[in-house]
């Protein structure tokens, strides 16, 4: 049996409404409009228990999943959605021990996912030219205990990345097509590259530039997720869904230039 | 600059057709119908290079991403698709250091993803009642060097899991609703549970049983991925796409029984 | 140049908010919270003009399309959406001069589309067991001048249809699988049959019964429509969309019974 | 009971494979690789019957629906799909008695749907600059008996339409944005306009031009249709589907120019 301990990150889920994610601290107290819960009452009980507020309202106590963490991030900008993040991790191959670069940091949702996925041996380097976003993301990462895996850099990437020889890099910027020279300088041969873009015009612009900068295996896709009402006898999709978050663009940085490829075969 | 070394897993990508994924071995040779490549010619060149077969056909040499590994698995059964796997990792929170159980093993695609995601400190326990599937999956995992993170068990899970107190469990079986008692016994309080099912009838059956077995936060969804032709001046979706792989069902194992919840509030 | 005349059905579209659809009547007045418009000011001006309310707010004056009519129907029940109706017309082949039966009437959205599509030489017969729905639909049809093409019958179709030899029949009912015997009696050989159903369980039930009642060419589908923000330089889908209206089921009523088909070939 | 008569259009559906659509003619014979059927054997039997070829293979005899006609058109170009056509009819309000213009004709699928929908009192005017396409479409329309409702014009619409005061117009052309001046001249105030375009770049170009040519209520959408396997006990979507046919653009031609709107309010 696994028991809740001081220092754990706990998600408290009411029957209706949004869950709370808090670090359990001796003497702490969670205030909700449905009543308060003393952290000391959580310590020592098993995960998956129900606990009641002083107003006798039930909350379920669970360890938050990565998706739970992403959905509860304090945001001051549009965040990347879990449906997209799951696929980004696979496509960029961001797993245990990896080092990955991203720009811009934004509220830090993708930063959180990267930091979670690379594990304690990995590293995330996150660029944003806005100090306020870097600060917000740092707070979001600290809250879930993942900040020690992230190096935040407040810097416009038009001035270039500090890194060379990176294995994976992701851009969540309005004009990624303007900084592919900088991206190329940061990447090792064969590195994975990705970007998310809300409009088709941006995708076209990026595709045109990727061709000029010796990227290969370029892929564009969009992912959609439709929830169903989980009712056995009346199974059906929900009424409304997210229609669009962004187009995903992926490519590999390669060493041969387009010029070389254009050489006649008998040369 | 990062160079290819003996022992690395390399993906060789032709301009057209399927890529090859091989471990680079001194003295080895890759035979393709476009000519052969000596492994010794790969050792010491940078990732992202082009190499020519003895018939002068170009291949790009890249480190395979997790998605590349999944798409190249030798399969004798329908595999779970990368679009679904990315989301499963997030929803089950399978990351570095985690232990996760799955049944059935099948060809080992999800096994590969789990083994990749949990890292060297994590563990995957994979059940299949068919010896031939376990063997195939073991080979697939060994080929990509992830087999030491996996314990394969050839056993019908109707006879129960050997584990208790598991934190995450995923079922890819035709009748998952028949083994929820066994699932419950294997899971710790609050554990994450998931399943993939091709038909709506199976989803309804599973939902009905989840209600009887004190699972909470039940969620059903489907994920679709649409590719676009990556042409800047003529951006458009491809003509055809995968219409369906499976419905995803997720839930959390909780401790309070349905009976308790049904008690009147003033008791 | 085509001018607005008394008796025409006009749609008045504000820059923001919902349009109004009214029949132009000498002496009439349209009251809106953005000011009023005298019908006499509309008579004699060209379609496509702008007109200002007494509060100087602009409205565009247009002939309503069928889709406009459908979206402005007074409703007391979920209506069938234009995206589905367009396909239903094609699949049931409901065009000029046709006779079509539907049950239930509901608010009359599909009734309106059928009446519009069959033209003055066609006929729609619409069943609902609830008097209040029949009345509401009759009002909705009268408002757009299509009521003379419709025969409303307040009757539970479990008691059977009054018609025989119908060429097309559509059901928008919770339990269509319970009245296929009645449906068969109403249809001529080869007639087109359709139904819309919100849940997968209902679709399964209907499919099982269709097999028992000599229907052929059974087809199940769902249609989705995604809008884009119509901005040339920032083209992208809207943020949210309708995720589900209903599953569409279509079939043809055929004469050979399943028994006959089951006879051995050498008989 | 409705019987097949000489002169009827009949669809013969084998258990597997593509159906045939033929006009029933005394003395005629349908040759298929599953055997032949004499038209005289069809005359006088009820619709919905089964008939056997001289090789004893069964065919079902049905009246073709509009969708059946569309899917069996002889094509030398990509046709517009039924899922899109149904919605186009509603959005352009092309129903009984209407007159509608289209360009280009192509193989005549949309022409067929328009001719079917406007009925004997309506009219379709169809432009294509290629004589071969006009001829093919004319044959396709004649085969299904709808050619007398269509005026084919072999003419490049960059040279303008012959019509004025049209109520509805649809473009299926690669560069519709280049002929909006001509379109405007052909349309009456308030007319409905539509276009289908495969790429996002074309949509952006058209949107930019629509703004310059006093169109209002501009709308962009895409429609997708997913089939399900019609099996009661194993209901699920099919494995693969059409991912894209085209983006639909709709607008209304209005009288007020952009210049007028730009005037200050107090003028």
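Observations on the model:
Read from first to last, the chains carry the letters A, B, C and D; within each, the first residue is number 1.
Following the convention adopted for this analysis, a residue touches a chain if its C-beta (ideal position, glycine included) is under 8 Å from a C-beta of that chain, and two chains touch if they have at least 3 such contacts.
Values in this document were obtained by computation on a predicted structure and should not be read as measured data.
In terms of residue-numbered contacts, C-D and A-B present the same interface, as over half of their contact pairs agree; the other options in B-C, A-D or A-B do not.
Centre-to-centre spacing of subunit A and subunit C amounts to 44 Å, using the average Cα coordinate of each chain. Averaging Cα coordinates per chain places subunit A and subunit B 20 Å apart. The set of subunit B residues that touch two or more partner chains comprises 200-201, 203-204, 226-227, 233, 235. In terms of inter-chain touching, the protein chains here all touch one another pairwise.
For subunit A in complex with subunit B, the touching residues are 1-2, 13, 46-50, 56, 60-67, 70, 82-83, 85-93, 95-97, 113, 116-122, 165, 167, 188-192, 200, 203-205, 207-208, 211, 216-233, 235, 247, 249, 252-256, 265. Listing the residues of subunit A that touch subunit C in their complex gives 198-201, 226-227, 233-244. Subunit A meets subunit D in the complex at residues 200-201, 203-204.
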